[in-house]
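Two complexes, one shared chain (chain A), two partners (chain B, chain C).
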Partner chain A sequence: MGYVNRRNRTIAGVFLLPTAAVLFLTTIYPMLYALYLSFRNYDLAKPFIPRIFVGLANFQEVLTSGPFLHSMLITFKLMGVTLFFQFVIGVGLALLVTQRLPGMAAIRTLLLIPMMISPVIVGLVWLFIYFPELGYFNYFIGLIGINPIPWITSTQWALTAIAIADIWQWTPFVMMGTAAALQSLSPEPYEAARIDGNSNIDVFLHVTLPQLKPVLISLLFLRAIDAFKIYDIIFVLTKGGPGDATETIALYIYRQSFTFWRMGVGAAASFVSLIIISVLITLFFKSMQKSAAAR
Partner chain B sequence: MGIWKKSVLAAGFVALMCGSALSQDKPFEGVQLKMLGIGDTSVTRLAKITSEFEEQTGAKVQIDMLPYPGLIDKIIIEASSDKPTYQLLWVDSPWVGMLGEAGALQDLTEYAKRDAAEIGLDDIIPVQLQENSWQGQLLAFPASGMIWHVNYRQDLFDDAGEKEAFKAKYSYDLAPPATWQQFHDIAEFFTRKKGDKLAGKVLEQDFYGNAESYSRVQGAITHDYFPIMRGFGGDYWDPATGLCAMTGEPHVKAAEFMKSLVPFNPPDYLGLMWDIQSGYMERGETALSGYWSVRTVRLTNPEEAKLPTLGKAGFSGGPTEDGKPQPTYTGSLSFAINAKVSDQEKEAAWAFIKWGTGEKIMRRLADEGWGISQFRKSILADPALQEKYPYYKVLLDTQTNARRRIFHPFYADVEENFGVELSKYMAGETATAQEALGNACTAVNSRLSMFPLEQRLRWINDAPVTVLQK
Partner chain C sequence: MASVSLTNVVKAFGAFKVVHGVDLDIADGEFVVLLGPSGCGKTTTLRMVAGLEDVNGGEIRIAGEVINDRAPKDRKIAMVFQNYALYPHMTVRQNMEFALKPQRLSKAEVDAKIAGVAAMLGLDVLLHRKPAQLSGGQRQRVAMGRAMVRTPEVFLFDEPLSNLDAKLRTQVRMEIAKLHKQLGTTVIYVTHDQVEAMTLADKIVIMKDGHIEQIGSPEEVFARPKNLFVATFIGSPSMNLFRMTAERGDTGTVLSSPAFSLLLPVELGAKLKPGQAVTLGVRPSDVRLAQAGDADAIEARVEVVEYLGVEALVDLRIGTQEFIAQIPASERPALDQAVKVVFNPAGLHLFDSESGQAL
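Let's look at the complex of A and B:
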């Protein structure tokens, strides 16, 4: 018996080895190397600058830097707006597509398409839509007599333009998760609520929403973590500009690492960002545990 | 020895001779050259005919063309690698200091001295060689010589009605701008709305008096701000401290001038990267646009620009504050050799540079209509070519009296910080030009001040390029 167990463990280990190796090479080693860099004065473009140990200086610089704090503000602003609309529209769509109406299955599939496209492609699609002179958006609003809007080239509109693109791409994710949850809800509370004469809004607020809460919290945290890392769409559409109007934390890290070539500062900013994401994840699990305990 | 044996021996000898002659004809047979280049005129023209170089030398050339944004990233990563992939690197002259101080580029001084007659060293406008030097070493070779200058709608400037109206409004004749005030007046005058008349015709869409680069992407706004700043008499560095000095009166005036042009620019002005900006002139949708001559070459070719079919482009040097000529900043788009490649690859790469930048190829491209922003005196001064390309005279005159552009190892910091701060100022996010320039200079100096004074002064010292010393 012991031999069989030992042999099974060995076989399991052999099967796990490729995954562990890939994980080590693509995630663990780069992370450890980034941690090493975050404590050094490392400028890739200037090998004449001594790549010395600088302690926490890079972290101190990041945490006291105006542009970093600004990028944090932009990130949370974008996160707040996109999550709000993704959830309002996503839940609304989920309620719609779970109705037993003809063609709903096809509509549901079509609505999922944006989520399946790579964010870089989404960025390029929206670049065509927003393009100031030749873009579709300005063409269509021009037909109803509205002047062209500098969607991605004005500090007033650029963040909104990015939020619209992100909402378009990720609302289906919320819709899909919510729709799955809706379909698994037990019908009894609904029957009871209807017998009691509750309106549809009351049913939604007091029956559906409480039952959806654990799923919505899960979706919220998953989306929040993703929104915190937003990079691709912004890089394609505005590269953080105009000015620094759309510079999120990911763009700040990119700029430090690949524009100024300050790999140490970029790595330190990445770790600060990692800590923030870790706090979000911790909150997520705590809230999950609370929900589970309440049930 | 039998007849057969003699025949075989003779055949072998002939084959050996032929092989040796062939290898002398094609000295780089079997060498593979890869160039990390840009998808712009300095490379695209040449990329079409590299097979001719292969035929002559035996070296195979592959050119990977990337967009300007992001190209320097690839070059720095390539330069930091111990196993180089690219033998040839396309270099924008402001990068020379950064790549030179990092030891990434091969010193071409000895090659250029050795082959001075073949490359026509004396035929090259001297500032173009200076532009590619770092601490006196020639680190790249010009493939396209640039100057920031003014492009305008010659046909509109020649229109009698427009001339009369301009004179009535501004009390002087409509002509290419010699001062910044005139530049501003012309931009204001030609800004028209859809339905207004332009040269007697009703406009079907808005017409812009001016199109400048205001985009922060890849420091486009910075590179257009610098020549304007120079036109106001400003410069980059404090010669006593080696620190950023772009906060003085000429610098502020230049930034304020750029902002004063915003109402005459397209509504997407903050997104005007060079290609988008020059597109307005190429489509004939603006009256006046100052930009780098590397894109000017498209304005005379109807296959690349709509303007030659609508009207005519005119060209003049950059204005100054008082109208008196002032040395402007030049630029160079160049070919360099990766310092880490083998000696044979270096020789092959140098042969490619000689071939691709030589007088013969440059003249041929000019003759065929595929203009390059030229840097050879013999071509720019050729009367027939000047007739064909009116901007050649502007290029010759301005480059002859030009100063080299920024070449500091911390150039990327300057480009990016000024790009962001100027963009914010133009967008109205920063209240004053003084504040914007102060923010940018503070960010640059926060890094520079960590280095000793001696080193900072060395970085701003433009040592004369030794290849020109007799």
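Let's look at the complex of A and C:
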């Protein structure tokens, strides 16, 4: 900024003002207000009761109560399963669609479609598929004599059903990022490996994968942050149920705030999840710096 | 070690033919350079030998066996790439180990091979470094080392020096020459740099538009170019060309043009018919300033003088005809001066103006 004189800096400030104002109104102010609420006893159903200061009581409830910890467990379980399959399938598809075969460009575009659909719509689509009596899935497995599966109505299957829908929607994201990275790799080391006679598996494990590592780490963190916030698909498919079988952190916050009207507890839970996400993001940047330094 | 031979080898990308029936025999231990401008098919030819491109016609033999349909790994070759093709995340040692992995050697054998090659190339102290921590010249040596550990029968080099600066290029060029002398392995080397070709090759193959224009030793292609393309491609600065007509004079055959005329030595004159359109080629080094008593001196005007230290390049003009003389720097004339020059009779090259072939 050394070369920017004071006048230019003022002009730059004026140009930034609209963006800063929008950012303040839509992000910073609500966040500060939530922070304020997290220390208050605010019942939205009884707005006339004064919002008294309760100290860390809301945080204490969140961190010691069963439901929040249960929602955290559900969130991480779902995250682990969906990320695992999204990366295994996504990287596999990326290897496939970067082959120079006829029709690959069209196939790649088709495969990207799930990612472009709003998660609410994805939820609705899968609702049709999973629907207990009239759903497509149970209809087709019925044709081959398998008993209907209570996808979204049993505590045993509901989380799996959500995981499948989420994997379906977000695998293309991993595929796209990986395919872009694959195409940026220099072809010459692969030709060298062909001449030296290295096996395809060796080449994938020792040449491709290490070179993809920085991109895969970025994608992993982006997906992890997103998976941590998962809400829409679950809201449409199960609303966190049956019982609390699919209640993730976001749904817990929603339930506390807008079903039980306990805004203070909801706000406190939001802040706890914000801290978890911040830790994830910090870890992400640390690992990026480390891999950049290693190169 | 092995001989390599190409018989009527053809390569086409779709309907576009890039190599038109190349015939080439490379003896065991020979250093052959494929030389030509970009797009002449030299790299494609090399890649066909490597097995990285399919052969659309003809046969490629290594050590007498047809290898057209063999996988690259089964051809007993090693290749050094233009951009080094090192594995960026592996150390120098790991790069070499990975190249040896398919051979399933014991750890002791691998270590011995790497140690031997590292000592030969001076890579010992770099073994634990990654390519990003190496200079261009060091990377090039690692790429060669990785090819050498496999002890192939044929080395393929694809413009290995083109990413190095001029000084380093000279140095690595000498190292390659030394290594070839030491190892005695057959080498096929692709370049567009004639200096590399002239200094390294036992045999130069000059290519243009997918055809071989001439095969010969560096001396042959320089002293006896087969056609106008080779004549102008080899040598720097390029050979001067003059469009002339042969005429029968009183004392022998005379070449004449609007700019000047020149009496040919008897044996050259005998090759021409009166009225024949020929192109006379004279290398700049075969043009010298006339001295007193030189017969047949040609008068020209000095346009530009480029001083190069030991010698000077003088751009001369006769009417619309421009040409260059390469003379000792001490003899260089002043600008805009009229000077008399003579051509070295032994350095006259005659080409048919229509076909471009040497006469």
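Here, the second predicted complex is superposed on the first by the 285 of 295 C-alpha atoms of A that agree within 3 Å, B and C clash if a C-alpha of one lies under 4 Å from a C-alpha of the other, contacts with A are read in each partner's own complex, and residues count from 1 in each chain.
Heads up, the rule we're going with is that a residue touches a chain if its C-beta (ideal position, glycine included) is under 8 Å from a C-beta of that chain, and two chains touch if they have at least 3 such contacts.
Nothing here was measured: the structure is a model prediction, and the numbers come from that model.
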Chain C versus chain B on the shared chain A, clash or fit after superposition: fit
First (chain B), second (chain C), both or neither touched by A:Thr153: first
Chain B versus chain C as contact partner of A:Pro242, first or second or both or neither: first
Which superposed partner A:Phe260 touches (first chain B, second chain C, both, neither): first
Most chain A residues touched (candidates chain B, chain C): B
Contacts of A:Pro210 with chain B and chain C, given as first, second, both or neither: second
After fitting on chain A: smallest Cα gap, chain B-chain C, Å: 50
Where chain A meets both chain C and chain B, residue numbers: none
Residues on chain B engaged by chain A in the complex (per definition of touch): 69, 73, 76-77, 80, 98, 101-103, 215-217, 266-272, 409, 412-413, 416, 420, 423-424, 427-430
Sites on chain A touched by chain C in the complex: 186, 188-189, 191-199, 202, 206-207, 210-211, 213, 295
Interface residues, chain A side, partner chain B - complex: 44-48, 132-133, 147-148, 150, 152-155, 239-245, 255, 258-261
Interface residues, chain C side, partner chain A - complex: 50-52, 71-75, 77-79, 81-90, 98-103, 130, 132, 146, 150
